[in-house]
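The following block contains the structure, expressed as structure tokens.
All chains are identified by letter, namely A, B and C, in their written order; residue positions are counted from 1 within each chain.
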Amino acid sequence: MSEQLIEKVMSEVMKKIGDSQPEAEKKELESSVCFKGNNLTEFVGTAIGDTVGLVIANVDRGLHEFMKLDPKYRSIGIIGARTGAGPHIMAADEAVKATNTEIISIELPRDTKGGAGHGCLILFGAEDVSDAKRAVEVCLKELDRTFGDVYGNSAGHIELQYTARASHACNVAFGAPVGKSFGVIVGAPAAIGVLCADTAVKAANVEIIGYSSPSTTSYSNESILLISGDSGAVRQAVLAAKEVGVSLLETLGNEKAPSSTTPYI
Amino acid sequence: MSEQLIEKVMSEVMKKIGDSQPEAEKKELESSVCFKGNNLTEFVGTAIGDTVGLVIANVDRGLHEFMKLDPKYRSIGIIGARTGAGPHIMAADEAVKATNTEIISIELPRDTKGGAGHGCLILFGAEDVSDAKRAVEVCLKELDRTFGDVYGNSAGHIELQYTARASHACNVAFGAPVGKSFGVIVGAPAAIGVLCADTAVKAANVEIIGYSSPSTTSYSNESILLISGDSGAVRQAVLAAKEVGVSLLETLGNEKAPSSTTPYI
Amino acid sequence: MSEQLIEKVMSEVMKKIGDSQPEAEKKELESSVCFKGNNLTEFVGTAIGDTVGLVIANVDRGLHEFMKLDPKYRSIGIIGARTGAGPHIMAADEAVKATNTEIISIELPRDTKGGAGHGCLILFGAEDVSDAKRAVEVCLKELDRTFGDVYGNSAGHIELQYTARASHACNVAFGAPVGKSFGVIVGAPAAIGVLCADTAVKAANVEIIGYSSPSTTSYSNESILLISGDSGAVRQAVLAAKEVGVSLLETLGNEKAPSSTTPYI
């Protein structure tokens, strides 16, 4: 009977430990935008990927110069994250479409908390702080969607992005032709990204806008393909890359590579 | 009664697990300098942040050239860490003040073991090995203090540094004017660092010495502000940035961001 | 008796937790090449260090240009990993010796999943896909050996590589003279690597081919020494560095730093 008791306790304990760990992992990519929790007037909200959204109504003039900001922007919106750059750039693309702001700069730290990719630092410029704030809000809200085709497991990640009409953020970050359909294909480790890229361009008649590998992308372990063209073709190319990439990632990691939120493409 | 027993066991087990995890995390930043543990004559000691201090009495002449060392330094002191660069540079600053050594080079790998910041590699040059060793010892001992205003949680970190009188290491690493009061403000993720920087320069009348973002600082996920000026003003600016930064970090990480050791500013 | 019971349960639970953690760590560096698990014709296999081997029979012409590949290579072999660059370059060296392929490019992302070093992306070029595939297979199979002198613990790693006769991959990646004995000495954190380098060149009469530190090697926290010369001397230098490096790493991490597989030097 004591043996039985031990087994029972053990099973409860292991359940508790097992339960708590996925929770901890999920925490990094929890898909909920939060606009509460801090009383600073500069605080806008938080979102998936340890993303924080901030706003500065009047950037200090001295700092303005050191940050090399265009003097016409008194106000800036700030989006930064530990995990994710593509999702944030696509979200920022929607934000500039929807507001009277421009992209000042997009930087890609090597991060993802031990993962294979980037974090990000995106600055929006505006003449009025309400515009900057609105852009940050839109960006935070879009992230649940734009993380939808980020598939990951312990071995790496596959990221797909697609828009029917690229705007200013995609242009600044990726050189995407404004107004045209545009897609991003990321594979990590970079070897998988190479095959994703080849698969994509063979799957549909698209134009290659750019290709990056570790030495040209902040030393992340990613290969990145950027494509433009007919909307249907871009989407088809992206989806073909996804199938191959996720399949390889699952083989390499020997575990499923689920979507971070809900696929949108 | 068996239910009661299980609960009792469970609570003890969970306590044990709970206890052991902070321990593991603290391990990376344990605040004890250790000058024992290795019989190599080149070994000086270890400290917080996986820091190791070493000394070479006579650097091999061939290697000397490949390392591009000034021929006048026969001996070098070596400080390296997985976690931390600012604390080590400030500690090295005290070390050069206290000894007959000079800073040869300061390099900032992208590290912190999956965190958002840097590790470091700092070389002291000396004509005599005893000077080099003394510099490394002083540096190791200062680290407990200089980690005092590093505040961290799972979302990132805020680092503040302040000295009433900058010396050679701050000059080499940051361009700080020697002999003047100097402060460093780091926020990670970089978005938080931007707001810290703006807050600091608005809080007191200080001179901006430099500003770095991910693309100019080894792709870490940090924004860094360097300030100089009147001692009281620098301190005030640094403390204003700390308040905002730690508050945002705690909101983002949804947990406290305690000091790594004991605040000194 | 209930106390006794609790102790018994506790000990079983803690054992279970203790057991499961090394397992998780080992998972990243499990030493088994696997040529199964994916039906894609481009998939070749997986190996230690989250390594994946792939092959593309006919790289898309448009992508070919963006990847800046020599037009003469229709087929490419791809080796990529999250953890390890030296082991993969040494393995690739054997692969080019054994097959009709050439090294197209070797890139070193900053990775190792939160560790101090690199991952890699290596491309083999071939006119025929069977050659490319063979190169990838040889490379994957060599990895168990070339990870043999990678010693690691939570504080960092020491990596030694040695070949009696360097070939094309060592030449492309490290500038090693083809046909001559060649050695690689890596220490992480970089401070330990500096001492390893000095120890190596003092231990035997070898020629220094190169020396890298964090700012010249993708911001990894490593110092790297490359040596050439008489076969016995190179081996002696490498082994002297190993002794010092592993000893320091074990002191710093306060735990053993075992080989990833089985030492080969």
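What we mean here is this: a residue touches a chain if its C-beta (ideal position, glycine included) is under 8 Å from a C-beta of that chain, and two chains touch if they have at least 3 such contacts.
Since the model is a prediction, treat every value here as computed from it, not as a measurement.
Participant: Degrees of rotation, nearest 5, to put the Cα trace of subunit A on subunit C?
Facilitator: Superposing the C-alpha atoms of subunit A on subunit C needs a rotation of 120 degrees.
Participant: Answer with same or different: of all residue numbers used at the interface between subunit B and subunit C, are over half used by both copies?
Facilitator: different
Participant: Approximately how many whole Å separate the CA-defined centres of subunit B and subunit C?
Facilitator: Averaging C-alpha atoms per chain gives centres 29 Å apart.
Participant: Going through subunit A residue by residue, note those that touch at least 2 other chains and give them in order.
Facilitator: 5, 9, 13, 17, 110, 113-114, 219
Participant: Going by the contact rule set out above, which residues of subunit C touch subunit A in the complex?
Facilitator: Residues in contact with subunit A: 5, 8-9, 12-13, 16-17, 27, 37-38, 40, 42-43, 46, 50, 52-54, 56, 59-60, 62-63, 66-67, 76, 78-82, 107-111, 113-114, 119, 121, 123, 218-219.
Participant: Touching subunit C in the complex: which residues of subunit A?
Facilitator: 2, 5-6, 9-10, 13-14, 17, 110, 113-116, 154-156, 189-192, 194-195, 197-198, 201-202, 208, 210-211, 213-215, 219-223, 225, 244, 247-248, 251-254
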